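The following pair of complexes shares a single chain, subunit A, combined with subunit B in the former and subunit C in the latter.
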Partner chain A sequence: MATNNNGPLILKYLRFKEVGGVVSLVAIFGIFGIMNPQFLSLGNLVTISTVAAELGLVTMGINLVMISGEFDLSVGSIFALTPIIFALLAKNGVPAILAVIIALAFAAGQGIVNGVVTTKGRIPSFITTLGTQWFWRGVVLAVTGGFPILLPSSGKFIAEIFGGRFGPNMRWSSLWFVGFTFLFYFILDWTRYGNWISASGGNPSVADAMGVESWKIKTSTFMISGLMAGLAGIATFARFRIVDPSLGVEMELQAITAAVIGGTLMTGGYGSAFGAFLGSIILASLNNGLILIGAPAYWYQAFVGIILVAAALSNIRIKKKLVGE
Partner chain B sequence: MSLLEAKGIKKSFGAVDALKGVDFRVEEGEVVGLLGDNGAGKSTLIKIIAGYYHHDEGHIFFDGKEVNFNTPRDSHNAGIEVVYQDLALVGLMPVWRNFFLGREVCKKVGPLKILNKHEMRNVSRQGLRGLGIEIPSVDQAVAFLSGGQRQTVAVGRGVHFGAKLLILDEPTAAVSVRETEAILSLIERVSEKGISVVLVAHNIYHVYRVATRFVVLDHGEKVADVSKDEVTPEDLIKIIAPPLN
Partner chain C sequence: MKKVLVILLVVLSSSLLLAEMNFYLVSHGGPADPFWGIVMKGMNDAAEKYGVNATYLGPVKYSLQTFVNNLNAAIAAKPDGLIVTITDVNAVEEPLKRAISSGIPVIAINVPDPRTGLDKIPYIAYIGNNEYLGGYNGAMYVLSQFTPKRAVIAIHEVGHAGMEMRAKGIMDALSPKGIPVEKLNITVDPSKGVSVLEGYLRKHPDTDMIFTLGPIGTLPAVTVVEDMGLEGKVKVSGFDLTEEMLKWIEEGKVLYTVDQQQYLQGYLAVEFLYFYKKYGLSPIGDVLTGPFIITKDNVGPVENSVKEGYR
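So, the complex of A and B:
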């Protein structure tokens, strides 16, 4: 039979495809924990969970887009612009609850635009979202004039639903992050829609032939990605109480890296919510750990770059064994 | 009344006339071998029937009604299943998910509709049993399967969901010798169920084994439409590639 002899072995790996993530996480905690025991303190772990949540909410959304076979580079700009819209509306007398709905509707709506332009315009999503990334960042700069926007007191309550404190130091964003992880796992693995997402990313022509409208599926994942980025932005707003116009710059790099660490294939059709969860925690603890050992700030960026390439190479090798091409 | 009747099909790609007015007919339960040398227009005709292309001129009737397939989805809904290896299945997904793609079986759990994985695994296992090629596990990603196994999954799916016409393009290419026999038997068995099959292939002997009628295209025109008792494989070869004198 012409079956791949490596089949069963790879499948075993894939059933626990998050094993790579778990091992990396243990390694990071081990290394940083030894270099600076403060790393493992409860307070620090809470900090890591908060940072992981803010990145992770974005990663969850972008992960879905990648599984559907596309890229969303605009998430960083939406991460900044959504809380800005929320703040400006609230500052100008719009009730906070309405302001947040409008802001999130914007986040979702621009995602739909990304999706329609990409699928109907037949432009690579990389290009579409590179364009919208720049466009919305331009809007951020224009609207803020380059100055930070403060969280208005009228908006505090609503913002804190997403990112406020509870308990000693934990933030709601961590719970949202865990909740969404389970939700996305459920969607991907246990719903028809999830099957359609995997098919649209794995082979859109086949999906179309079988009656799945891949353009609609992809557009919906862009919408979700935008929404998640907006949500994450508001949660972060609750923590910092200001939005700097440079907020979210290069967040897309981190989110994509986190998804790829989690096993999501860059070419689409394959990915995991729990993998994205782990990937986000890994990057957050890496960032935190480097700070704690006194490493220069740019080390994080360099590491993320290396990890992205290494993780993608490793995923490709797995895919080669999977699909043989 | 024929199951499929295509009349006067013309299709051009820019300056190239791929089909110059072809009539093509398939009866219920027939296995028609669509033959011709490279560039004859077989692939174009097949893709028009399957809805991937749209004909420039001509009419197509399926199941008695005139049809206008704009997308593969339209022909799929009408009961035409394409069994090209890479146009039928998503490699990264397991067999059972492919089997039910677009037609997933769900069960209600409270207000939610979730996939009935148990049912889909069982049904796909059943549907692929006894087709001649063993599919060891429906949980295996399709990319792990051999060419013959993939065809079996695509054919089995088509049969299970009531396809009326299966289109196979070079089903025995890239398939092991042992599996070739199984695939040809599968085609025979499928047509015994009353499902029509259009078989595009280069290997005359393979096609001759299972087909009941042969249509030969040459440079976009139909040059022969004969039943099996009228020709031998060697006759067909001579029609497709007339000997140079």
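So, the complex of A and C:
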């Protein structure tokens, strides 16, 4: 039951899902920018964009899963395992382009496993992906023996397509991030498939009754989530030129936080690609900004906690105003 | 609530503006780790003494990604100086070389850049310990006390570069004397370590010296000596400083341990950066804060410094 606006005209323009994210972002940039103008310097904004991109690519995927009503806690482990597979294949003579395709296919496959086990096994995705998170992280540790893996020179070119540098210090991952944001926005808001995703999350029984096979939809979102996590992992690999077994630990929590800050609800059925985009930038700029104003870095976690809860509270109110109960 | 936050933030930022100089210490070690707590104390003590602002940045949970992101943010803040652990050369090389060429002086602590020549990151100095000497000097101390018939080096993390350097130091000290010495993988699991060591001692009953490379390895070694009733016949050495280690040295169960005096890593780094920025003075080369060999003879004063938080 959307209400007609009786307030000032400006409120009409604030009636969009991502308003919480936009307000938070403007506030953060405003506050940090005033306290330390270095925050707004080109070099620093580029740094923020790189961190936001690596988190954001993962967030884009997990956002889809959340809109379809599920959780994916395994993205951090997929994020670490994919570049490891890529590196090991490339080191052993597999042509880099084939190696990256295999590694990404593996990432998508891990997502499919998550989806099938959850939907066909009828266990909560929280549990499934918690299990696969442990399992794949264990595989990471076993394969690496605890030691980091270097980016082989044969794999440099391909990896750099995803995360290499250009310009003053920009990374291709930022462009991938922006591109995928538009792609996912288009999918979610302009295609039937996007509609089916929201339906599967908002009201799965009704969706199934109307012929939308929600288990297939959900499995596909898990696959996309795995694929995006793998892609982000390879982009990060290009930047660090090394994968250490602790890569991606707790990334799933950061990605979920970014999605929620951007407006996606934990209950499913509601969320947006631009929201996930904003949420990722907010998290990236928060840590960076706190460092630039001289706060010891452990304040970051406390602030993220506050912002997360505040975002969830306000997003529920915004949703009520926009689309009713 | 919002007002409090704003006031807090204003106070923080004004402290940045009022201080003479701003330094950032970016490390792979978290603020929750007591080892790094002592480094932080050194950093803060020196900052207070010289009236500069020093901020410690470390990930709560070990994460190379967070460490490098923190480093990039610290560099973007255009500080007067950076103190960084060269935890992984591949990951930090690009940001650090960028920082140095933009005029930010860098001091490396705790982990150096192992390369030489033009590739090496051109930091002003490295302040920390030397793993190889940790092994070598420790073994030389043992030789000053007695000549072992046979020695074994119990490694709990095979392949770890630092451990391997310590082991090499020990072997280089013992082999010129013709003392047979072997490396033994005892793993990080103490019960496995005990059984591996027991097996080795039964196979080579003339072994009278077990070198260990960290508290995780010292525990099984001390346990085995006790269980097999070999106190006095087989000696054990340790590495790094813990309360337990000091107790063992007092009780005569461990001959020596190696301390890297990480307080100095924090303190001296700030001090050197201050002198560099203010007067252009700098040390040439590496400044070693370890290995400092702790034995029964000096364990007393060491314990006092532990109580006061300097070790």
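The criterion applied here is as follows: the second predicted complex is superposed on the first by the 300 of 325 C-alpha atoms of A that agree within 3 Å, B and C clash if a C-alpha of one lies under 4 Å from a C-alpha of the other, contacts with A are read in each partner's own complex, and residues count from 1 in each chain.
Methods note: contacts are C-beta pairs under 8 Å (C-beta built on N, C-alpha and C of every residue); 3 or more make two chains touch, one makes a residue touch a chain.
Computed from a predicted model, the values in this text were never measured in an experiment.
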*Identify the partner contact of A:Asn287: answer first if only subunit B is touched, second if only subunit C is, both if each is, neither if none is.*
second
*asked:* Quick check for you: in the superposed arrangement, does A:Asp208 touch first (subunit B), second (subunit C), both or neither?
replied: first
*asked:* With both complexes overlaid on chain A, does A:Ala295 touch subunit B (first), subunit C (second), both or neither?
replied: second
*Which partner does A:Ser198 reach: the first (subunit B), the second (subunit C), both, or neither?*
first
_Touching partner for A:Asn36 - first (subunit B), second (subunit C), both, neither_ = second
_In the superposed model, which partner reaches more residues of subunit A, subunit B or subunit C?_
C
*For A:Val116, decide between first (touching subunit B), second (touching subunit C), both and neither.*
neither
*Footprint overlap on subunit A, where subunit B in one structure and subunit C in the other make contact*: none
*Any idea which subunit C residues touch subunit A in the complex?*
9-10, 12-13, 15-16, 22, 24, 31, 53, 55-65, 68-70, 72-74, 76-78, 88, 90-91, 98, 159
_Interface residues, subunit A side, partner subunit B - complex_ = 1-4, 7, 11, 190-192, 195-196, 198-199, 202-203, 205-212, 265, 269-270, 322-324
*Which of the residues in subunit B end up touching subunit A in this complex?*
71-73, 76-77, 82, 86-93, 97, 100-104, 106, 113-115, 117, 140-141, 143-147, 149, 176
_Please output the residues of subunit A touching subunit C within their complex, sorted ascending._
31, 35-36, 38-39, 41, 43-44, 47, 50-51, 54, 145, 147-148, 150-151, 169, 236, 240-242, 244, 246-250, 287-288, 291-298, 301
